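You will see two complexes here that share chain A, one where it goes with chain B and one where it goes with chain C.
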Partner chain A sequence: MSGRRDRGLVRPYVVTNGRSEPTRNTFDLVTLVTAASGRPNTGLTPEQRRMVELCAHGSLSLAEVAAHLRLPVSVVKVLLGDLVDSGHLLTRAAVPRAQLPESQLLQEVLDGLRARL
Partner chain B sequence: MVFAPGSETLTLPEAPAVSYLGEGVQTAVKLLITGHFAVGKTTFVGTLSEIEPLRTEEPMTEAGALVDDLTGVPEKTTTTVAMDFGRLTLSQSLVLYLFGAPGQQRFTPLWRDMTLGALGALVLADTRRLEHSFPVMDLLEEHGLPYAVAVNRFDGAPEFAEAELREALDLLPSTPLMLCDARDPASATRALISLVQYLLSRTDQEPA
Partner chain C sequence: MSHIPQAVTWCLAAGLLVALALLVRQWWVARNRSRTLVGLRAAIRARDEEARRLATVQLPALAQAAVAHPAAGDPLLAGSEYERNLEAVIEQFRSAVARAEARADQNAKAALKGAMRALQGLANEQQVAISEMQERHDQPAVLHDLLEIDHANSQFGRRAQAIAVLCGSWPGRQRSASSLSDVVRGAKSRVRDYKRVEVRTQIDLAVVSRAVEPVVLAVAELLDNAARHSQPNTTVEVNLQPAHNGACIVIDDAGVGMDPREAQLAGQLLTGQRSVDVTRLGDPPQFGFAVIGVLAARYGFSVSVDTRSPYGGVRAVLFLPTALLTQLAPEPAAAPRAAAPLPRRGAAPAASPASPAPTATPEPSAPTAPYPPAAGYPPPAAPRTAGGLPKRRRREPLGAEQLAEAALATDPFATTTPATAGPADGTAETPAEWTRDAEATARRLGAFARGTRAGREAEPDTPPTGYGRHAARPDRTGPDRTALSHPALNHPAPGYPPPGRPAPDGPVSDGSSPDVPFAG
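On to the complex of A and B.
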């Protein structure tokens, strides 16, 4: 059996070294995550390594990272905080709120939805 | 969950393939698809999502939180809350996530995560149990999250005139109400369009 089958059975707070709060509190479910290139994975825990490897091939939202790793969102936030601090992962704020008026954003959403009909 | 005979390996469903976002995607927004148990939230998300809908589960840690209806799942003793979500890329730079969650999860961090920063919510309702929608709508109002209501059509469910539905659901005149079929992509898309039009109209009314 592949190692994947064991993944859901790790006690969540073992992988975060007992912590339940991330080092920063700015992560949203739709914060976009991608790996920084060229950082060696040495010294990472298995879960941190899986997370970096998952994000090495493109961007995903935090929620997608949690689902693919089969880890709770709360745990992924902690891991993400560490990996951003260490320079392994990069995040893009979900909505650059200060830069984009809400009405413009909503109009873009509306246009995108209408184009699907 | 199934234990394979003669093995101690726990068999989990195959993980969906990873589908990465387009390289130009700069902005991600989210809408909540909510409503009471078995109203069609997961169906709605699955109908519109470009990826196989994903699920995350969170161990439940806060007293007072309720899990979804466990009827018919007598062996289930774990206390986790789950959310299903899907994704729609709307343009080269913009992606929309749809998060489906029952309102019973109100006290959980997951509910907080879903509502925080969400543009708005679509409340799915079922004419056979309209009153079950009240707690969800109350909750959204408490959070200040604007919403529209879509009556999900179920075969054999009673049909009512719009005015009757509005009264039964105690909706504000400005709250959009529509019928939809959560299984039909065009119908589900139109429901989201009505919601976003409403959200947009609210921004027009706010002082610049």
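On to the complex of A and C.
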């Protein structure tokens, strides 16, 4: 549970207890993770507890969580699936890329402005 | 004439007497000789017997176990020269055997150590490669295979490491101080049946860095023993207990236990007092306890296996004295320290005048040259225009809200200690290029938004686009997501180019962005 966790001491299969399939298939790198308040941390593994602590102060993307935990993203997905199932964490799909106005519209706006000025 | 036969008779009688005496003496001598002969024969037989015993019993026993039998068994030879010589032979043989054994042991250890070092190195290399693969591949099926390979590799590394330690090598791998639960789980990573190992308790103690690897190795050997000598459907329970002057790692299995003789042997091995002979580990070699004994003696912890576990198996207790324990710094305090190499705002002005590239050379390309990454915020020595005049720049200090947001996004620990994230001291751990990137983005998009707003006034039917739905936090991955609600939006944009990437659109001047058509 140290912030400067020694890489390679606790191997990923121990972290996930040998599992490699997340319980749900909806996570990607930019899935936003937030902690659900009011759940006790008892019974969580150190990594899960740390994930909950990390996300307690706002949203983090899955990639960021993985970087903080220094674990592979796919391993974090397994942990995240468990924590979402147990209600400790909430996820939200990343906000889709905004629809930018088409260049034709921009051109029209530009023309309108030019006409006005 | 009768005298003559008489004389003859006397002579004959005397001769007869002499012959008789001679005969008796002869008989006497012969009898003595035969007695001596018998004694000598017995002595020779005793010596033969003794030599035979030496050749067939004593020397093989010496060669086998270096245990000397009493030299002469026959009382006939007690104290004789022969016995003394025999003893000298035995003594010389014993010392020769001891020398040869020591040399063989040394050679075997050296050879094994070299071989195991090489294997250890390979296992470590492979572990790094596997870790990289785990980072790279995202499919669960691939990850599953990688985890299995990783598990096998860890066990392989542990075996090599254990043998190397037994042969006098160091455990290798320098680690940083790790919490006790991480140490136990690190040990769990290296045994075959790791899923059966349950770490029940967690205490807030850590192992000092130099002892991490040996303790991990010792606990791994104990866990491996426990798992191997118990049914596959039972669990191996690990409890961590603080003690008066140290801490204990208690490992309980529900296995078959040990009989008193095994327990005594194990106790001898675990104290490290009994020297370990790599040539006598048995087949298959059993070096678990021997390795633990070596490590315990070398690093000053102790292991005992002489109590029964409540589940009927063995309870192994590894006691770590206070000298090997430490406290990990609490994480919120540790994070800013760890981030200390990042540039601080206060440090930037001192550092940047020394960097000559963007400031001193009045080349036309100077304003667009990327700042050195060490300069967190724009240095007071401003870039100059092509004409050599100092370039004016406007800049608003970041608001507290912005700083907090930025700190949250980059370092979640910083928000747990809000004092460090305040704007006054300016020590928020914010990678500078990130903030500026967002500001530049916000500046451009703000200009764009103002433009579209102006456009919408002319055409009220234009539906609003998908901005601003979510912007709780600026994100470095999607500039367009941070657009309208970014607090920097309404600030005049500071006019310095984003660092780290060459501005594709030429120098950005104050207040207005030439690449955004709707500025203003």
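The working rule: the second predicted complex is superposed on the first by the 87 of 117 C-alpha atoms of A that agree within 3 Å, B and C clash if a C-alpha of one lies under 4 Å from a C-alpha of the other, contacts with A are read in each partner's own complex, and residues count from 1 in each chain.
The rule is simple: contacts are C-beta pairs under 8 Å (C-beta built on N, C-alpha and C of every residue); 3 or more make two chains touch, one makes a residue touch a chain.
Bear in mind that the values here come from a model prediction, so they are computed numbers and not experimental data.
Contact with chain B, but none with chain C, is seen for A:Ala67 once the two complexes are overlaid on the shared chain. When both complexes are overlaid on chain A, the residue A:Ser103 reaches chain B alone and has no touch with chain C.
Looking at the shared chain after the overlay, A:Arg114 reaches chain B, while chain C stays out of its contact range.
By the touch criterion stated above, A:Pro46 is placed in contact with chain C alone, chain B being left untouched.
By the document's definition of touching, both partners, chain B and chain C, reach A:Gly58. With both structures placed on the common chain, the touch criterion links A:Pro22 to chain C but leaves chain B unconnected. The residues of chain A shared by its contacts with chain B and with chain C are 1, 4-5, 8-9, 12, 30, 54, 57-61, 68, 72-74, 94-96, 100-101, 105-106, 108-110, 112-113, 116. Residues 1, 4-5, 8-9, 12, 28-32, 54, 57-61, 63-64, 66-68, 70, 72-74, 92, 94-96, 100-103, 105-117 of chain A are the ones that touch chain B when the two sit in their complex. Residues of chain C touching chain A in their complex: 127-128, 131, 134-135, 137-141, 143-144, 147-148, 150-151, 154, 175-179, 181-183, 185-186, 188-189, 194-195, 202, 206, 212, 216, 328, 331, 334-335, 338, 408-409, 412-413, 415-416, 451-452, 454-455, 458-459, 462, 465-467, 469-470, 472-473, 475, 477-478, 480-481, 483, 517-518. Taken in their complex, chain A has these residues touching chain C: 1-14, 16-18, 20-22, 30, 46, 54-55, 57-61, 68, 72-75, 94-101, 105-106, 108-110, 112-113, 116.
Note for the complex: chain B touches chain A at residues 9-12, 15-16, 18, 20-21, 23, 25-30, 54-59, 83, 85, 87-88, 90-91, 94-97, 99, 109-110, 113-114, 116-117, 119, 185-186, 189-190, 192-193, 196-197, 199-200, 203-204.
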